[in-house]
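Shared between the two complexes below is chain A, which has chain B as its partner in the first and chain C in the second.
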Partner chain A sequence: MSAYMATFLRWLATPVVLLAISLFLYWLLRKIGWQKKAAVGFALISPWLVGFLIFTAFPLFYSLYLSFTEYSIFGTPRFVGLQNYIFLFTEDLEFWPSVRITLLYAALTLPIGVVGALLVAMLLNNRIKGIGIFRTIYYLPAILPEVAVALLWRWIFNSESGIMNYLLSPILNFFGLGKPDWFGDPHYVIFAFVIMSVWGIFGTNTVIFLAALQGVSRSLYEAAEIDGASGFAKFIHVTIPQISPVILLQVVMGMIGALQIFTVAMFVRPTSAAGKFMNQLVYERGFTQLHMGEASAIAWVLFIIILILTLLVFRSSPAWVYYEAEVKR
Partner chain B sequence: MGVAGRKRFNRVLIYITVISIAIVILLPFFWMLSTALKPEGDIFTWPPDWIPDPPQWHNFADAWNAMPFSRFLLNTIFVVALGMSAELISETLVAYGFARFRFPGRDLIFFILLATMMLPFHVTLIPTYLIWQKFGLVGEFDPLVLRAWTAWGPFYIFLLRQFFLGIPRELDDAAEIDGAGPIQTFFYVMLPQIKPALLAVGIFTFRGYWNDFLGPLIYLTDMNKYTLNLGMYFFMGGVNEQPQWNYLMAMSILVALPILVLFFLAQRYFIEGVTFTGLKD
Partner chain C sequence: MMRKKLSLLLAVLFVFSLLLSACASGTNQGGQDQGDKSANQTAQKVEIRLSTWAGAEEAKQLQAILDDLNKKSTTYTIVQDSNPAEYDTRIITQLSGASGPDLFWVSAQRAAQFAAQGAMLDITDRLAKSDHPAAKTDDYFENSLKPFTNNGKIYGLPWLEQPVMLYVNKDLFDQANVSYPDGSWTWDTFLDAAKKLTMDVNGKHPGESGFDAKNIKQWGFTLNGWPPVQMFIWQNGGEVIAEDFSESPIDSPKAMEAFKFYADLVNSPYVPSQQLIRDRGFDAMYKNQQVAMFMGGAADSLDWDVTFKSQAFEVPAGPTGIHATFGDILGMGINAKTKNPDAAFQALLDLTDAIHHWKIMPPRKSLADVQLLQKLHPEKAHSLDAIVKSMNYATSYRYFTNYPDWDNIFWTQLMDPIVNAKGDPTKLVPKVKPQLDAVLQRAK
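Coming up: the complex of A and B.
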């Protein structure tokens, strides 16, 4: 009980401190001649700014610094230059496999998650009866806690008596493959992860695409029909350009999410032969082995990978993303 | 086959596909429930039994009592309640500030806020941990809930801001003419207008805190303070242990239950929230 109470009191005190900071900023800005409304606006966003400076900006640079040090939480960080990175790139046996499996996982889930969801959304967009029920069913996996998703699929993929091997047994027997240990065998583990994740994220993407499709104006399709466009031509020249901003968002968010896979992997617990995702490696090195410097270096490599890929997608977007507002202007 | 016939054939084909996908999606749920109700000895039968015979409803109670899950539930509710309410209040205010006021640097700051969405959580993880350690609060619930006051969900700020932007300016002006200050305007004019967005954000933050695993994993060290998810992690057993699948499935269902109930009660806001965050760029 006392643990709750102490936290609760600090939880009550925090907004008081933040309010004091807001009021002080308001006073300060008024003092230097800001208009009242401007000062109010700045005071309103100041809680975010405080959180950003303490918990995002500072940690970002501090973790970059830590990645050049050796640090075990105890004592002070010792500067070692590029040693962590050199160790990761040249000697560490787990690092490159984890980069590989993380990228491969993102490269496989992303197209299936985006293209597949789009196709299903188009099916649902056919003015079918009971669309609400289907939408609910399709969205159901997306609301399940990741913990439950991971445990459920770990059981489905169970080598001895999981239903996956049972349902696939005609095919598996035909190829003489026996009962694969999905999350234990390095050859199968990535497919197991992809299947599990696609089941889990499909619903969100489908619901978003469905709404986007329903937002495409009928008149555009009618105009295309008058011009004699076939179903496929309408899809390429009307549907895709109209919903391309949504596709861009899905690709970017899906990619960032996939590269950061962590919780499901922790609960699925693939054998070490099957490999670890980068975030798992960060957690393991940092919090179980207390190599904070090395863990920070891995986190920064992941950050750079995400940054580069995101920039590439955004750079490519003018070529395929169509914003109506730009033309209208 | 005439045009009408072909159209009808297409419709049948669409229905068959849509229903098959629904079955594929629902099958794992059925398997989860079926396993949860199986007696210990029937779990590893081959071929697998689909229907537990007889259903062992006591598995739910047995699994729940195998670890102090009642305690974990209480802890989880504590974290969810504090985190969710703080986030709703702070994010609404911050979004209001971004949407309805002009001040130097606003657009740049908002751009930075959006950019933080792309920052992997693990990059800031270790320094953040060190900060809480400096405060002497590692092992307490504080690292999980205090930060909520600083509006740490950029996505939700974005969503709420979009809603604020959609409110006609005339309403502010009218309120101002009537002599309302920014605070009155906020409570009497703005809040009633953004209720659907508040509900959506409330649902998402609830789900976020309920499902959080990484936070409890690194900050909570004392079993008395474990949340449900963290408890599940240890309930799973050691690395080389074969888990007790009927209990694990029963617990998975129980952990998912509040979210499922919430989903069915507030489906509209769930789906609206999802589509909204996905559609506005």
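Coming up: the complex of A and C.
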């Protein structure tokens, strides 16, 4: 009981300490001559700042430090310089296949996810009876728990009794092909993941696109119609430029999400011959093999990949993203 | 402007020092608690937290044992914290921090890691001084203590060693007119039985004219990476890790022969395809009588919780008669950071002994008595003779600190291709051996 009481007291002490910090900060800032408004502002955000520094900034930079060490989680980290990175790039058998499958997965899911969601959003943008029901149905995947969905897909992809192979059987029989072993055959694994992910991202992406489509001014379409624009021309010259900032958002968020795939992969557990996604490798190196240094190094490589790709997308955006308030020179 | 910046810096520093002092005072508080606790240790019972991976039913049975122990003990009260979900990750995180349990269940592989990393308490001297029946190290089967031993020191005790057994569907054996296994079975007898027990929809066996390999309704055996290939290599007189941990002799003729035997078996008509095993369930196919023989741990319920006559036998010996089987070992250790090492040690001994009388198979020679075990486990009475015999030659893997690295390469680069992609061991082994050797070298 005493052990729980100590925890309880510490739990109670946390808000008290945070409040004390807040008050102290206010007093200090006023003392050194800050304006009341600024001092109140800083005092009020101080609990968040403390939380950010302890739970986000510190672990972030600590993991960077750990990537240069050998650390088993027990004991103290031993500094080894660039050894973890050199090992990953030159000797590790799983690292490059993991980069490959992660990038391939992102490259396949991203365009399908964005284009598919946009097309669905355009369908849902029609004013027909019962459109609210369709919109709800399309949003459903976004609110289902990822683990439950992963287990559901495992059933769907069951090669003998799964619904996927049942639906595909007429085509497979026509070409004289056997039933695909979706998670057992390394050639099919990536496609199974793409199908699963696309189903999942449609929900969220579609809603965002729908909101963007509804924000496009009717007057622009009317003007285009007066100029004799066809439906396709309106889509290319009015819709796309108008929603391009949202497309940029979807591309960036979709790319980051795809590169960080983890939960579904951990629960579906496909054959290891297909390679492991980078985040899976981070987890296994860290918690199965107890090489926290290597795990941190992989995580930082993933971060750099995401950073570079995101920067590339942003750099390319002036060429294809149109902001209404922007004046092109 | 400059003054303002300096003031801001000072303010941030002040805030941090305040926060740090708050944390430090929290730690001191804990230390104070501890001092009080040890002073009162003789007067009141100490709470020992036990972490296990037990599921709901197992945890219920364990609690009954704990209630009994807690009632009898004057020194400790064991509090159970059982949760099978992500057990390893949870225990690693807890042990690395300050919130770990005093006692915890641990697999052999993790025990070897934890012992080497100093996360488990060295109990060598305490064991030597104790006259508790569970403390007699010479009573344990030698292999069962190995994962808990590091540099001659003991860091935990095994509470179970379950050898891999050959479970046999006696009804299907009778129908096929095949005699049950006995101690004389070798790979050849086993293959012969598997062949006779494999049947297509027309009742034909492999090798007979008109046998339809695409429409098999009953298979002789099943394997999917389990049982481990190591077992067959040992049966053939080979090894996968040298005794001095200098290399992985997986390219020796004996090991190669065993790899080939395993690969041939995977691709033979006697074994369902991996796709089918994944779809229908590995042991489910045995339970549903689609597979006649299955290799599983001695504690499995496949010999009594089924709708047909089933019994566990010794696994077949190698071609030259060498008996070997894999023994899966589970045990318990004390957190090196425990605040109550004495009480935790007493609890470890009492609970280990209690589990030895609860589960199959206790890793102690004095308890390897068929009649005694039959009283404790009447439902497995018919299999116990073979299980006890198997204990004499059950072997576990040669664990070392970086064993998971070795195992990862062994499985992903060698066994997974052999099992799932019809990989040829003669081509794969020469490629994988240097990688396995490199892990062993790095560990040194």
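Things worth noting here:
We adopt the following convention: the second predicted complex is superposed on the first by the 313 of 329 C-alpha atoms of A that agree within 3 Å, B and C clash if a C-alpha of one lies under 4 Å from a C-alpha of the other, contacts with A are read in each partner's own complex, and residues count from 1 in each chain.
Assume a residue touches a chain if its C-beta (ideal position, glycine included) is under 8 Å from a C-beta of that chain, and two chains touch if they have at least 3 such contacts.
Note that the coordinates shown come from a computational prediction; the quantities given were computed from them, not determined experimentally.
After overlaying the two complexes on the shared chain, residue contacts for A:160 are found with chain B and with chain C alike. In the superposition on chain A, A:257 makes contact with neither chain B nor chain C. When chain A is checked against chain B and against chain C, the one touching more of its residues turns out to be B.
In the superposition on chain A, contact of A:211 is made with chain B only, not with chain C.
Within the superposed three-chain model, A:138 lies in touch with chain B and out of touch with chain C [touch as defined at top]. In the superposed pair of complexes, A:241 makes contact with neither chain B nor chain C. When the two complexes are overlaid on their common chain A, residue A:6 makes contact with chain B and with chain C alike. Across the two superposed structures, the residue set of chain A contacted by chain B and also by chain C is 3, 6, 10, 34, 50, 73, 158, 160-162, 287. Here chain C touches chain A in the complex through residues 3-4, 7, 10-11, 14-15, 18-19, 22, 26, 29-30, 33, 37, 47, 88-89, 92-93, 95-96, 113-114, 117-119, 274-276, 278-280, 402, 404-405, 408-409, 411-413, 416-417, 420-421, 435, 438, going by the rule given at the top.
Within the complex formed with chain B, the residues of chain A that make contact are 3-4, 6-8, 10-11, 14-15, 18, 34, 37-45, 47-52, 54-56, 58-60, 62-63, 66, 73, 120, 123-124, 126, 128, 134-141, 143-148, 151-153, 155-156, 158, 160-163, 166, 199, 202-204, 207-208, 210-212, 215, 245-246, 248-250, 252, 256, 259-260, 262-263, 266-267, 269, 279, 282-283, 286-287, 292, 295-296, 299-300, 302-303, 306-307, 310. Residues 2-3, 6, 9-10, 13, 17, 20-21, 24-25, 28-29, 32-34, 46, 50, 72-75, 91, 93-94, 158-162, 179, 181, 183-186, 271-273, 284, 287-291 of chain A are the ones that touch chain C when the two sit in their complex. Per the touch definition, chain B reaches chain A in the complex via residues 11, 14-15, 17-18, 21-22, 25-29, 31-32, 35, 43-48, 78, 82, 86, 89-90, 93-94, 96-98, 100-104, 106, 109, 112-113, 116-131, 133, 137, 140-142, 145-147, 149-152, 157, 182, 207, 210-211, 213-214, 217-218, 224-225, 229, 232-233, 236, 239, 245, 248-249, 252-253, 255-256, 259-260, 263, 267, 270-271, 274-275, 278-279, 281.
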